[in-house]
Amino acid sequence: MSAVADITSLEAQARRWRDDFPLLEQKVHGHDLAYLDSAATTQKPESVISVLGKYYREENANIHRGVYALSQKATHAYEQSRKKVADFIGAKSFKEVVFVRGTTEAINLVAQSFGRVFLKEGDEILVSAMEHHSNIVPWQLVTEQTGAVLRVIPMTENGDLDQDAYAKLLSAKTKLVALCHVSNAIGTVNPIKDMIAQAHAFDVPVLIDGAQGVPHTKIDVQDLDCDFYAFSGHKMYGPTGVGVLYAKEEYLERMSPYQGGGDMILSVTFEKTTYNEIPYKFEAGTPNISGVIGLGAAIDYVSQIGMDRIASYEASLMGLAVEKLRDVDGLRFIGEPKQRAGALSFILEGIHPHDLGTILDMEGVAIRTGHHCAQPVMTFFAIPASARASFGLYNNEADIDALVSGLAKAKEVFKR
Amino acid sequence: MNELQELYQQLILDHNANPRHYGRLAECTHSAEGHNPLCGDQIFLELKIEDSCVSQVAFSGEGCAICKASSSLMTERLAGKSVSECKELFTLFHALATGEEDAAQDSAALGKLVVFSGVREFPMRVKCATLCWHTLMAAFENKNEVAVTE
Amino acid sequence: MSAVADITSLEAQARRWRDDFPLLEQKVHGHDLAYLDSAATTQKPESVISVLGKYYREENANIHRGVYALSQKATHAYEQSRKKVADFIGAKSFKEVVFVRGTTEAINLVAQSFGRVFLKEGDEILVSAMEHHSNIVPWQLVTEQTGAVLRVIPMTENGDLDQDAYAKLLSAKTKLVALCHVSNAIGTVNPIKDMIAQAHAFDVPVLIDGAQGVPHTKIDVQDLDCDFYAFSGHKMYGPTGVGVLYAKEEYLERMSPYQGGGDMILSVTFEKTTYNEIPYKFEAGTPNISGVIGLGAAIDYVSQIGMDRIASYEASLMGLAVEKLRDVDGLRFIGEPKQRAGALSFILEGIHPHDLGTILDMEGVAIRTGHHCAQPVMTFFAIPASARASFGLYNNEADIDALVSGLAKAKEVFKR
Amino acid sequence: MNELQELYQQLILDHNANPRHYGRLAECTHSAEGHNPLCGDQIFLELKIEDSCVSQVAFSGEGCAICKASSSLMTERLAGKSVSECKELFTLFHALATGEEDAAQDSAALGKLVVFSGVREFPMRVKCATLCWHTLMAAFENKNEVAVTE
């Protein structure tokens, strides 16, 4: 019952945080909204939303190329966000922070720009059995282009990666390991620091898909020593359409450009084009300026609360959720990993997840049902789909209770 | 609760729990696969068509209650119908499920299938009810494509 | 003086439009802001700005994969924007509208996804001498990858494309023509309908870089019969981070996917991945949802005024600007094309454009100075940089007067 | 107008109109190219260094008034200075232009170069003033890289 004790002491502060999120005040089908789909996208605090409006009402201009005051302000705000990101994840320099659309684009960028330079026929890329499609398909595309081969780190029944198998898969042929920090489908927290060290023993760089890592835990890329770390703004209280690729300077310098266009060049003639310095070499065209500035505001928001406090609050909440759901008859967890963050997945006997999703929605409870863009995980557990509840810093015990009573309601509907 | 009861009517729950014509045919002339990527519903439909009439039909696969019940009730309904009658039913059923037209007047023709009128209140579930019907149309054309509802 | 007569009659309505743009109310260095850099990015009407806030406060959820009400609303709003875009540019179907970050990404997408399938060694791609870097560098990258060759349609002294040379460049070797609708550097409106027809006579598809076309003229892609049309939201009163690739269905169907990830797949296993239908095959990962919805609001905004009215008002304004600038001693236009829209470029004898930019800024006049991401145009006119004034529907005679008197001020500063 | 006059002082306008040491050297021991992609400023710097001292210096290229005047005033200043003195001047000038430190106390050492103190009010123009100095540092190292200010 320690989880319950913790939660009560934390409940008060969480209630204050929740007030920062205007969307959560709405009623859905006459019920208070219990938003339990933060792994898909988080809600946004008022401070992030209003910075977007302020940007367009007071500061909007294109960046990097204007001498006038407005463009200068916009450029400053944009580059300040880059510094905030660098500080937030512990990067050595702002040069290691490339702004992209989201995790998916970050991984595609690495697959292409690293792949073209570093991969050749017969080389191996290791991914894990619990990856999101965004950390599978870009590698499949690059293997088609280069003749490199995709190998898969298997998963155990409880939803952890098989570390013995991983150790055996690493070899001189391995050219990259691409791995999620936290699984979006089942919530597993992978021992990435350890796995990175093992890969480095073979001189193999490691890309971490941090889409579900950054929102839930303090990241220090230098401590982790990862070579690439990718994440999405919209999953960490920031706007849609912006994300980050962190990459070590040595790799960015050696990688080929990704997209060509304005801002990523030093000089262009039809005969010869010289590329700009990093990180600009990888940011072609007008970026999502307001999105980047909004991401900066999101970082300000979570930093002010403190990632450690967020992590410990969410851990208590997760403990409570597991406790309460374990008591639900006919509920089976999909994956019970050693360490879990952000999301938990389950199925309810006799009720398809999709039907569950509809019934819960009628009760004001928003969860995700389906394959969560991780079909191989579904195949592994031999289910067509699962129900997933995932948490943000604004969730509380009432949300979990709404979920539990929604499940009871679903059973009622199906037992008529 | 009213809308939910309207959606999950007893008949639907019953066909979900005990689907009719579930399985494979020993021999079939037409078949197709249907897939709803949103929720992972996936069904296989097999038909035996003789003299332009559906003489046998079976479905298999995985799906939510709406999808399974719709497949079950559809297959129950098709046996003996001509292909052109089936196509008319498709049109009626589609109108019923999407609520695009007032299908009430055709409730006689639809028979038991009106049980799915509740889905129009649930736009994300319309495709669950219509997947088997789209798959049927694909089977008639014997295209080797997967019918997709998204 | 007909331009002046026109303008006065239009001035009143323009004043009303201008009120829709909150940013334009600001003072810069104590002066009213004369924003003459819309070719870089336009300001946004209040209706676009507030739709972003409304989205995040009331509708935010990830799209396409949720059964709950909120996700349904967000999906609906997102897909409605796609329909608005299709209607706005006269596409046959919403399937021909792919959302991207901007013009630059749209062109890179075509270069890679069309290039991989349709280009081989010795094939020729035609671009023009007045392209933005975004319509040069992506093709340079793809020629490196495929061995295809870039050929350049030359320009005449006045800044029009040399149509005779174009006719001679087209041949059986040509696999694609990539051409701007309107030049961002000098404002030339190219006779694209005609040039497209000529290319089609050789069965050559044509990509139009419409970044500067869409904001200034009504587009009908079916009438133009272009095969690809690319544009940016932020240059047509929409948010940053969103743009559109229009492409004919037949090409989208045959092109290889661009980025891999969530939403662009039907099914994934480690052995085999099946791609989703168009346009989703080209939209991997969570898109810029709020950006897309904001773009829809921008389309609503300009449609309500009417693109034809905007075009004719801007034409009068341009006429007026040319008239007044012609009277400025020592001013030389860079390019005097037959038809000009949106932007005009000039230099002032004895004053570097960059110094001009700073002095004008102190007078509240925001223009762009530099190479405008079109270095080959600068090289052609043998100048290191130019000053560019560009217009939006909110500009008026006062803005032009502020520019003219700012130029006088610059001369004063330099004549001391 | 005050800030503008502060930026475009008579001395700057004069060196812009009549740049000193403009051209190429017949022979040089060190050289570098500097480039500011923002506005297209591009300068070439050539040095003859003998006994660790700058005996000759020349610049050429295209640039705005600030860039040209700064190059002109810099080259005027360098002749006869030792490499290490030049490096000290770079540090002082950089501090002056960026306004990061109060450079007033070093105005004696900077001499005429204090004329550029006005640029600190124009952040986008700081690079115009410092481009030639960055190029000088690159020339000392004789790296074959282009010095870039962005």
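Of note:
Letters A, B, C and D mark the chains as written, and numbering starts fresh at 1 in each.
Everything that follows uses one rule, which is that contacts are C-beta pairs under 8 Å (C-beta built on N, C-alpha and C of every residue); 3 or more make two chains touch, one makes a residue touch a chain.
None of these values were measured; they are calculated from a predicted model.
Comparing the centres of all chains, each the average of its CA atoms, the largest separation from subunit C belongs to B.
Two chain pairs, A-B and B-C, are weighed by contacting C-beta pairs, with A-B ahead. Chain centres here are Cα means. That of subunit B falls 78 Å from that of subunit D.
Work out the mean CA point of subunit C and of subunit D, and you get 38 Å between them. Our note on geometry: subunit B versus subunit C, Cα centroid distance of 47 Å, whole angstroms. Multi-chain contact residues of subunit D, defined as those touching 2 or more other chains: 38-39, 124-125. Looking at subunit A, one finds that residues 65-67, 71, 265, 267, 354, 357-358, 369-370 touch two or more other chains. On subunit C, the positions that touch subunit A within their shared complex are 22-23, 26, 28-29, 33, 35, 37, 40-41, 43-44, 48-50, 52-53, 56-62, 65-71, 101-105, 107-108, 111, 132-134, 136-141, 150, 152, 232, 234, 239-242, 257, 259-265, 267-270, 273, 284-291, 354, 357-358, 360-361, 365-370, 373, 375-376, 379. Against subunit B, in their complex, subunit C makes its touches with residues 64-67, 71-72, 76, 266-267, 276-277, 280. The touching residues of subunit B, counted against subunit C in their complex, run 35, 37-39, 123-125, 146, 148, 150.
Looking at the complex, you find that subunit B touches subunit A at residues 3-5, 7-8, 10, 13, 38-42, 62-66, 122, 124-125, 128. Of all residues in subunit A, only 351-355, 357-359, 362, 369-371, 378, 384-385, 413-414, 416 touch subunit B in the complex they form.
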